[in-house]
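Pasting the structures here.
Look at the two complexes coming up: chain A is in both, with chain B in one and chain C in the other.
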Partner chain A sequence: MIRELKFLLSLWKTNLAAAMEYRATFITQSLGMILNDGVYFLVWVIFFDRFKDVRGWELADMFIVFGIAASAFGLVGMLFGNAFNLSEIITGGRLDYYLSLPRPTLLHALASRVVPSGFGDFLYGFISYAASGQFTWDGLARFVLAVLLAAAVFTAFLIIVQSLTFWMGTGGTFTMLAINAMLTFALYPITLFNQAARVVLFLVVPAAFMGAVPAGFVKAFSWSTLGLMTLAAAGFLAAAILLFHLGLRRYESGSAIQTEV
Partner chain B sequence: MPAIEVTSLSKTFRTKRKAAGLGASLRSLVRPEFRTIEAVRGLSFEMEPGELLGFIGPNGAGKSTTIKILTGILFPSGGEAKVLGYVPWKQRRQLAYHIGTVFGQRPQLWYHLPAIDTLTLFGKIYELDDRQTKRRIAELAEAFEIEDLLETPVRKLSLGQRMRCEVAASLLHKPKLLLLDEPSIGLDVVAKQHIRDAIRTMAAQENVGVLLTSHDAGDLEALCKRVIIINHGQIVYQDKVSALKRSFLTSKLVEVRYAQQVGADFRIAGTETLKVAKERYGVKLRFDARITPVGKVMAALSAAGTLVDITISDPPLEEVIAAIYQKAENRE
Partner chain C sequence: MKKYFAVFNINLVNSLAYPAELVTRSLMILLFMWIFYQLWRVTFAASGSDVLNGLTLRDTMWYLLLAETLELGRPRLARVISQQVKDGSIAYLLNKPYDFLLYQLSSGLGESLPRMGMLFLLGGALTWVMAGPPPDLVNWPVALVALVGAWLLHFCFNALIGLAAFVSEEVAPYEWIYQKFTFVLGGMLIPLDFYPAWLQTVSKSLPFAYMMYGPARLFVQPDPALFAQIILGQFVWLSVLGGLLLLAYSRGLRRLAINGG
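Let's look at the complex of A and B:
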C-alpha cells in the first residue's frame, strides 16, 4: 500500500511537471474553467430567483450540490485524468505501456494524465460552498470528505462504463453520454424524481452519490449517510476493478503509434 | 533453465467483417459477422539465458503478438510459455521487474518531458533508490552516448536519439532479458548502426539475453546469433545465423572491371552473366560456388583481360529471407 502510494506521488509529480511544460495553457485552462463554472451556475441563480424553491430545494442547496460535483469532477481530472479517456486507451492499444511495467495497470493508467482544467473545477467547488451562505468549519471538513467519496464513485462509474469497451470494441460516444448523464442528474434537485427514478440515480447512474447524498451530509452530519456514501464508494470501486480486470483478458492491444505525454 | 520456453502457443483474434458501403454498415449493425484471425499458430521454441535471438518475419507474421504474450500484455488463446520461470499472463508484475521492453512504435518516454524525468520516474516504478537510479542513468548515458540529450524534451529529439534513450530506459533496472519489438523501425542507416552497436555492447557487458523482432535483416545480421523466421504465425525456419547463411547463401556475386573493353556477349564457363556495363569495361556475374569453384572463376576472369578491380560478395540477407518465405508459401 505504502509502495503504491510512493509510486503514485512520483507519478503525480511527473504529471505536474509535464503539465507545467505549457504553463500558460495550464493557467488559462484552470482560470477559464472557474469562469465557465460561474457562468453555468448563473442559470440556477436566475432560476431560483424566479421560483425560490423546488419541492423544498433552495439556491443554497444548489450551491452545495454544484460545489461537490465540480470539486469531485475536478479532483478526478487532477489525480486520475485518464479516467476520462480509458476507452480510447483500450481501443488504441495504449494499455501496452502500463502492462509492461511492474505496477497495478488500472491505477497506473488512470494516474498518468492530469487534466489542467480540473484544478479550476476543484477550486470552484470550494468557492461555491463558501458562497452557499451555509459555510462552517466543520461543514468544510464534511465537504472535503464528501468530495473524496463522490470522486471515488465518479471514478468507479467512469471505469465501469469504459471497461465495456473490452467487449464492445469502441466506447467513445458511450463514455460521453455517461459523463453527461452523471453530471446532469447530479445537478438536478433530487426532489424532482420519484422513487423509481431515484433507484436509477442510486444504482445505475449513481448520480445521487455525486450530488444530493453528499450535499445532505455537508449540511448535517449523519452516520447513516456517511455509511451509505462509504459503502457506495467501496462497492462501485470493487465492481469497477473487477470488471476492468475481466475485460483485460480480452484486451487485443494494437499497432497504432502512441506517445506517453 | 531456459530464459524463454514456449510450447504450442497460439493466439486468435475475432474481428468484425463488413463489406464496403453504408448498406453493409447497417446490416452489420443488426447482424454482425465475425471472422477469426490466427495471429500465432502453435509456436514452440526455447531461448537460453544471455542468448541473442532474432525473430524475423514480414508485417503481420505474428512477431509482435508473440512478444506481447511473452511480456504479459496479451493472454494467449492456447499453449504454454515461461519467461525467466514466470508465466507472463499470470505473473506479469513479478516478471516485469526482470525484463526490459522496447516497442519501436510505442515510445515509453514521456513526450513533453526530458528523458531524465522518465528515467527518474522509472527508477521509482522499479523501486530503485535515488542514488542507484542516478548512478545507473550515468552508466547508461555513457554507453548510449546520450549525456547531452537527457535534459532536452523528448519531442525535440530526432527519432534516432529518442530510440537510444528508449533502449537506455529499458535497461535502467538491469533486466536479465530484453525484448525489443522493431527497435530500428523508421531509423536511417547511421542511427540503426548506432543503436545496434549500443545494444550489442550492453548485452555483452551485462549478459542480458535479447529477443529481437524485426523485419529488417540488417538487425539480425548485426545483433543475433540465432534466428527464428516466422510467417503466418508459424515457424518456417530456425537455426544459427551462420548456418542460415551457409545453407542459403550458396550463390556468389562477382563484379569485375577490365582495363580494356570486353565483348557485349561476355561469357565465363560455369557462371551466369547478369550485366555488361554500357561502356563495356564492367561485368556482373553470378555463380554457384558448390558447382564452380571460386578459384576457377577467378582464373577464367583473369585470363579474359587485364583486371582493374574485382569484388566477390554474398547476396543480401533480405533476398535469402524472401526466398525462405516463398518456399514456405509454396508448401502451403
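Let's look at the complex of A and C:
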C-alpha cells in the first residue's frame, strides 16, 4: 500500500512538472477555467434573482453544490486525468503499456495524465463556497472532506462507464453522455426530482453524491450523511475496480506500436 | 460555388454515414430537455401563473429546444482550425484552389445540418410529449431565417477563436468563455425575457442575443418588429465580426511559417 502511494506521489510530481513545462498553457487554462465557471454560474444568479427559490432550494445552496461539483471534477482532472479518456485508451490498445509494467494497471493508467484546467475548477470550487455566505472554518473542513468523497464517487463512475467499452467495443459517445448526465444532475436542485428520479440519482447516475448530499453535509455535520457518502464512495470504487478487472480479461491488444509521453 | 457545394456535400454524407453514432450523440438533448422541463414546470407552478414575462411553459420549452439545438448542433470549428494552425496541416488547405474560410464554412455546415436535424427531431418529440405541440407552422420560416444568421455569427466567432492560435499557444479557454457568454448573455438557459431590464438592455446590445435569443424567441412568438430588430442586429454584427475575421485571417497568414513538408 505504502509502495503504491509512493508510486502515485512520484507520478503526480512528474505530471505536474510536465504540465508546468508548458507554463503559459497551464496558467491560461487554469485562469480561463475559473472565469468560465464564474460566468456559467451567473445563470443561477439571474435565475434566483427572478424566482427566489425552487422548492426551498436557494442561491446559497447552489453556490455550495456548484463549489463541490467544480472542485471534485477538478480534483479528478488533476490527479486522475486519464479517468476522462479511459475508453479511448482501451479501444486504442494503449493498455498494453500499463499491463507490461509491474504496477497496478488501473491506478497507473488513471494517474498518468493531468488535465491543466482541473486546477482552475478545483480552485473555483473553494471560491464558490467562500462566496456562498455560509463560510465557516469547520464548514471548510467539511467542504474538503465532501470534495474528496465526491471525487471518489465521480472517479468510480467514470471507470464503471468506460469499463463497459471492454464489452461494447466503443464508448466515446456513451462516456460523453454519462459525464454530461452526472454533471447536469449534480448541478440542478435535487428538489426538482421525484422519488423515482432520486433513486436513479443515488444508484445509477450517482449525481446526488456529487451535489446535494455533500452540500447538505457542508451546511450541517451529520454522522449519517458522512456514513452514506463514505459508503457510496467505497461501494462505487469497489464496483469500478471489479468491473474494470472483469473487462480486462476481454482486452485484446492490437500489438500496435505506442508511444507514451 | 460548385466546389464549396462539393465540400458541403462530402461533409453531409460523412455525417450521415454513421446513423447510430449520429443518434447516440443527439441523445444528450433528451437529458437537457427533461431537466429543463423539471425546472420550469416547478417554477411556473410556484409562480401561480400560466404566463411569465409573456411566455407560457410550452413557449419556454420550445424556446429552449431551439436554443439547445443550435448550441449542440453547431460545429466545433474553433478546435478544428486551431489544431490545423498548431500542427501545420493548414498548409495543406492553403495551397488548394479554394478560399480557406469558405472551405471551413461549407464543411462546418455539412457537419452541422444533420446533427441539428437529429437534435431537433429527438428533442422536439420529447418536448411535444412533455409540454405540448410545437409552435404554429407559420413561425418556422421566420425562425429559420434568424437561425441562418445565428449560425453564421457562431461561425465567425468560432473561426476567430481558431485563428487566435496564430498568436496564442492555447485557445481552448477562449472557446469555453465564449460558450458561457452565449449561455448567459445569449439567453440559452433562461430566456432573456426573465432577466432584469438593465441586463436585457446589455444583452441586446451585444452579439450573443442575436445568436440564441433571436431565433428561439421568434420561433415561439414571431413578431414583425422583433423580426426586424433581430435581422438588423444580425446584419450589423455579421458585418463587424466578418470584417474582423477577414482581418485576423490576413494577419495570421503573414505570421505563418511553413518549413518543408
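Throughout what follows, the second predicted complex is superposed on the first by the 258 of 261 C-alpha atoms of A that agree within 3 Å, B and C clash if a C-alpha of one lies under 4 Å from a C-alpha of the other, contacts with A are read in each partner's own complex, and residues count from 1 in each chain.
Assume contacts are C-beta pairs under 8 Å (C-beta built on N, C-alpha and C of every residue); 3 or more make two chains touch, one makes a residue touch a chain.
Everything quoted here is computed from the prediction, not taken from an experiment.
S.K.: With both complexes overlaid on chain A, does A:169 touch chain B (first), chain C (second), both or neither?
M.R.: first
S.K.: If you stack the two complexes on chain A, which partner ends up touching A:21: first (chain B), second (chain C), both, or neither?
M.R.: first
S.K.: Please work out whether A:180 is in contact with chain B alone, chain C alone, both, or neither, and reply first, second, both or neither.
M.R.: In the superposition, A:180 touches chain C alone.
S.K.: Let me test your reading of the model: by the given contact rule, A:7 touches which partner, first (chain B), second (chain C), both or neither?
M.R.: A:7: touches chain B, not chain C.
S.K.: Contacts for A:35 in the overlay, against chain B (first) and chain C (second): which applies, first, second, both or neither?
M.R.: So A:35 only meets chain C here.
S.K.: Could you say whether A:252 touches chain B, chain C, both of them, or neither, answering first, second, both or neither?
M.R.: first
S.K.: First (chain B), second (chain C), both or neither: which does A:102 touch?
M.R.: first
S.K.: Name the residues of chain A shared by its contacts with chain B and its contacts with chain C.
M.R.: After superposing on chain A, chain A residues 22 contact both chain B and chain C.
S.K.: Which stretch or stretches of chain A touch chain B in the complex?
M.R.: Going by the criterion above, the answer is residues 3, 6-7, 10-11, 14, 17-18, 21-22, 93-97, 99-104, 169, 249, 251-253, 255-261.
S.K.: Quick one: in the complex, what on chain A touches chain C?
M.R.: Spelled out, the residues of chain A in touch with chain C are 22, 24-25, 28-29, 31-33, 35-36, 39-40, 42-43, 46-47, 49-51, 54-55, 117, 173-174, 176-177, 180-181, 184-185, 188-189, 191-193, 197.
S.K.: Can you list the residues on chain C that touch chain A in the complex?
M.R.: 21, 24-25, 27-28, 31-32, 35, 38-39, 42-43, 46-47, 168-170, 172-174, 176-177, 180-181, 183-184, 189-190, 194-196, 199
S.K.: For the complex, give me every residue of chain B touching chain A.
M.R.: Residues of chain B touching chain A: 13, 16, 64-65, 68, 71-75, 92-94, 96-97, 101, 103, 105-113, 117-118, 120-122, 124-127, 153.
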